[in-house]
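Labels for the chains are A, B, C and D, by order of writing; each one numbers its residues from 1.
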Amino acid sequence: MQFFERLQFIDRRILFLFLAAALILPFFFPFQQKILITQEVKNFHRTIDSLPEGAVVAISFDYGPSAMPEINPMARAMIEQIFQKNLKLITYALWQDGEPFSIQIPEELAKQHQKIYGEHYVTLGFKPGRVAVILQMGEDIHTAFPMDSKGTRISDIPLMKNIRNYSDLNLLIDLAAGADPDLYVGYAVERYHIPFQAGVTAVMAANFYPYLQTRQMKGLLPGLKGASEYEFMVTQANSRQVTQMMASQSLVHLIMVLFILLGNMGYFLTKSYKKQTQQKGRG
Amino acid sequence: MVTIAIPWFIVLGFAGFTVYALFKPPLRRWVAISIALAVGMYMFFQFFTTTETPAGEYFNEWFQRFNKWAIIISGLTVILAVGNLLKIHILKVKKLQPGWGYSFITLLALFTMSLFGILGIQFQKEGIPWYQWTFRWLWKTFNVALDSSMFALLAFFMASAAYRAFRARNMEASLMLATAIIVMLGRVPVGDYITSAFPTLTSWILMFPNLAAQRGIMMGVALGAIATSLKIILGIERPYLGGAK
Amino acid sequence: MNTLTMLAISFQPAKVWTPDTGFSLDGLGIWISAILSLFIFSFLYKDNPLYKFAESIFVGVSIGYLVGIVYHNGIEANVYQVMVSKLDPATLKNLHYFQEIKYLIQHYHSLDYWPLVALVMGLLTLSPFLTARHAWLTSIPFAFYMGWGSGVAIPANMQAAILAQLYGTTYAFSVVGASLLNGTFNLWNLLWTFVMLLGIVATLWYFYFSAEHKGWLGGGVARLGIWFVMVGFGAAFGFTVMARVSLLIGRIEFLLKDWLGLITY
Amino acid sequence: MREEEISFRKEYFIGRGGGGELRRMLNRLMGGLLLVSFSSVPAWAKGWQRFPLVDIERINVFVLSVGFIFVLLYFLSRARKGGSLYLRRIAGLDAMEEAIGRATEMGKPIYFINGLDPPHSISTIAAINILGLVARRVAEYEAPLKVPNVDPMTYAVEKETVKEAYIHAGKADAYDPDSVYFIAGTQFAYAAAVSGSLLREKPATNILLGYFYAESLILAESGAATGAIQIAGTDAVTQLPFFVAACDYTLIGEELYAASAYLTRAPLLLGALKAQDVGKILSIATLLMATFFTFLAYAFLPTVQESFKEFFLNLLRTA
């Protein structure tokens, strides 16, 4: 009996040890895993893929450094695909902590693809107000963002000259660590009828599946898995970083499931053992 | 001409009312209540108007103006955050309460970061590179490291909570446990190596039962949000009065 | 690939100072970041002064960062720049502060004054810190903001979270129904669509408080509702495990790669 | 009236005319009514004819929203007058009663932990309402109560609430002014401090009500480790799974408001809850009817007009 009971109360330091091992080992012994691409990610890829050359895509960076490992790979792959397809890109941030990402990532990739700031892409920077910004962008982006992240008036930027509001954008993408896609669906998609999709942290992902069925969201990238699938679709191979992260992720999930099962086994065995002894006592 | 003057009358009317209320304490809360009512009603009804006529455009112009104001005001609520932080920590340092050292560090971090933030993100005037560089460096060193470590910490708690507290006590908990395990295995490639049923089942769970539950919850939450919004507009519930009733 | 040699050879911690390039702020930043991360992780053992130290810095810098970024992106861009939007930016750029003020006063007729209303309203949030008697003034910006938010929230919720969801469910049935006629019928589709409907109805019924959940129908549907909710929560739980682990992996990667240089790619 | 003006008005009032047959029907109806009512407008009021009218595309949203306003106002006024509004008893409340009883038997403290949100957020209001009743019951049993706090404003409100509850129960001398206390000002510090004292004191019962963030996990887990009976309630959907996993009883989402309204009969909560219930039952009815008839029409009535088949779809269409 003691053994069963002990299964339920393994010291958490042992659990942490296993966890740490599962996390760190794949960094030194990396292994490639098969990538199975889910429908929501396929849809996400196709939405961008089916846009005509020169179409305009806006990406909203609504996450902070804490969600960086999950969402940065998405952002990179997404901008990669956009630049490969010769689409125009606008980035901005509704979370103050997302602003540096909304500037750095496009700039890095623009260098690789020889894209020119102001013609092929624009970074508008951060704006407080969330719903207010989403609504005002539907009416007039030029008044929601009077200046870009560099301090130029956006009416002086060639790319922004013909872009007034959502009706001039071909696609809106939200990279979110919170409930911002809810706000986009409520205030932009329904009100202004703009095609929309999102890449989100796994914490929020389960909440957004209703929007996929109603097509309020064209596609969804849920968490690191979504990022790895999408990256695979765009570049035909995963980057080393994402491969390794997925490897660690796999092992950790296995360990966690194992421990949960152990705990429950202990729970049930203890319970049935207690029942048995009670019956004996009665008899 | 008259139509252009109307909004000015309204804005000045509210301003006048506010000034009047400065001397008439019983009237004070009515300033806020009437503003919430007027703005809320306007935003509500504007949704149902078209913009296809001059009058509709005029309606829309005010809608946009309110949006722009909301952007500015929500930016300025940072004053509240800073004010509260200063109030708590300055007091602590002044009275040398236990832990005043930490408060001092918080204050120091706050001042350094806001100073370099304000000087560092130079827009119109040519920026001083030293400030800009320091600002980015501070952000990368402190904000990124602390924010991401803070949340990385949760993984450990998550693991120990999942192991120690997650028991199939009853039907409900068992269902949740089973789903969680399937999703955990179905969302990593390893699950597919065990059996290809995991990813398939995960997709099914997400697209049907999960969707149904989330949609049900979503509709309930939306009804709640509508009810709360209505109560705020109509002044039945007055969260904006806060402590200053 | 010989992974073990990789481990042995590539131990290259971030360098604060090298003979060739001299002092490196980047290296220093990485060291500070890493040490602060370890301070935070020490919380796992127990709450301790190191953790508290890191946490107090975090509270300070996160708000400090907000101050800087809101000042520029919120106030400078959306108040000042909108006010002077009719003036020539190039001229303004070359003026010094006093000249700029003088220039603005001279061109007072071509300024846009509307943003000032919001600025004044927003600055009223300062009132509790300045005067106790007129602390109530702070309710004005909040009343505006909450009234505004509530006004837009009602139709948005009604449209996106209620009507559109009802539409989506009904639409799924129209597709299944039409498939009976055009020969693409699949029994599973019908079944799963029905499961979806059942789940939505049962969940809504579970959260219906005006009737007792009794009898085989009322009680049964409510029970079904909570089962669906639990499956939803299970999915969320599984996803959350995934998310939290990803964040930790990201942090460990920073420590192993950027700080210690144990892995190189 | 000139021909072009009529056509202008027709076009104007009738709107863009998108959507299906039902919407077109509604358009015609509305447009016709408006046309009739405006055809006799005197010349001096001509300017008003150009005043914007309802965007016919959004008429269904308008009707439902306005309808909901009236339902809400009706129930609020009834709740205020003290009319009898039926709410079913939430199962979690029995569990709470039991848990308080158990704590008394064991002579161990009861912890009441509320989330990080300030006192004006709806979940904190609900939690404070329940705290009042819990405190009264605790005072009757004379069990020790502990309420650690993170938000200074919530702290002040809860202190008053607990004190009043003790006075109400006639046990004013048993009230311990330190039972409600401020423990830490930030999220994780709060979680650490509370979980530390949970592990030290091993309370018999933990009640976690309010709006929780990532700290929910730490709190619920350390509570479960001590073997306390845990009752949780929150409307933070992302945190609910942890509570369900680690607590003996969980009030899910709106159940928290319902429990609060049931106990206190607070008109604000009660009225809103009843209005939401009407919304829910209407949604259920619409769903069942719409899916059933739409399915039947599409599956078995191939010859019927498209507009008939799309009746419900048009009614619900928003885009």
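Keep this in mind: a residue touches a chain if its C-beta (ideal position, glycine included) is under 8 Å from a C-beta of that chain, and two chains touch if they have at least 3 such contacts.
Here the structure is a predicted model, which is why all the values come from computation and not from measurement.
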item: Two chains sharing the most contacts, counting C-beta pairs only; value: B-C
item: Centroid comparison with subunit C (C-alpha atoms), farthest chain; value: D
item: Computed distance of Cα centres, subunit C from subunit A, in Å; value: 12
item: Approximate Å spacing (C-alpha centroids) for the pair subunit A, subunit D; value: 29
item: Inter-chain centre distance, subunit B versus subunit D - centres from mean C-alpha coordinates, in Å; value: 18
item: Overlap residues in subunit B, where contacts from two or more other chains coincide; value: 44, 47-48, 68, 70-71, 74-75, 78, 123-124, 139-140, 143-145, 147-148, 150-156, 158, 160, 162, 164, 166-167, 172-173, 176-177, 180-181, 184, 187-188, 206-207, 210-211, 214-215, 217-221, 223, 226, 228, 230, 239, 242
item: Touching two or more other chains - residues of subunit D; value: 58, 61-62, 65, 68, 188, 237-238, 241-242, 244-245, 253-254, 279-280, 283, 318-319
item: Subunit A residues counted as touching two or more neighbouring chains; value: 16, 66-69, 97, 127-129, 131-132, 135, 143, 147, 189-191, 202-203, 206-207, 210, 213, 222-223, 225, 249, 253, 256
item: Subunit D - residues contacting subunit C, complex; value: 58, 60-62, 64-65, 68, 86-88, 90, 186, 188-189, 192-193, 196, 237-238, 240-242, 244-245, 252-255, 258, 262, 273-274, 277, 279-281, 283-284, 286-288, 290-291, 294-300, 302, 309-310, 312-313, 316-319
item: Residue numbers on subunit D that touch subunit B, as the complex places them; value: 12, 15-16, 50-55, 58-59, 61-62, 65, 68-69, 72-73, 76, 120-122, 153, 185, 188, 214, 217-218, 220-221, 224-225, 235, 237, 241-242, 244-246, 248, 253-254, 257, 268, 272, 275-276, 279-280, 283
item: Touching residues on subunit C, where the partner in the complex is subunit D; value: 43, 46-47, 52, 55, 59, 154-155, 158-160, 162-164, 166-167, 169-171, 173-178, 180-181, 197, 200-201, 204-205, 207-213, 226, 229-230, 233-234, 236-237, 240
item: Interfacial residue positions of subunit C with respect to subunit A in the complex; value: 3, 6-7, 44, 65-66, 69-70, 73-74, 77-78, 81-82, 85, 89, 148-149, 152-153, 156-157, 159-161, 164-165, 167-168, 171-172, 232, 235-236, 239-253, 256, 262-263, 265
item: Residue ranges of subunit D touching subunit A (in the complex, touch as defined); value: 237-238, 318-319
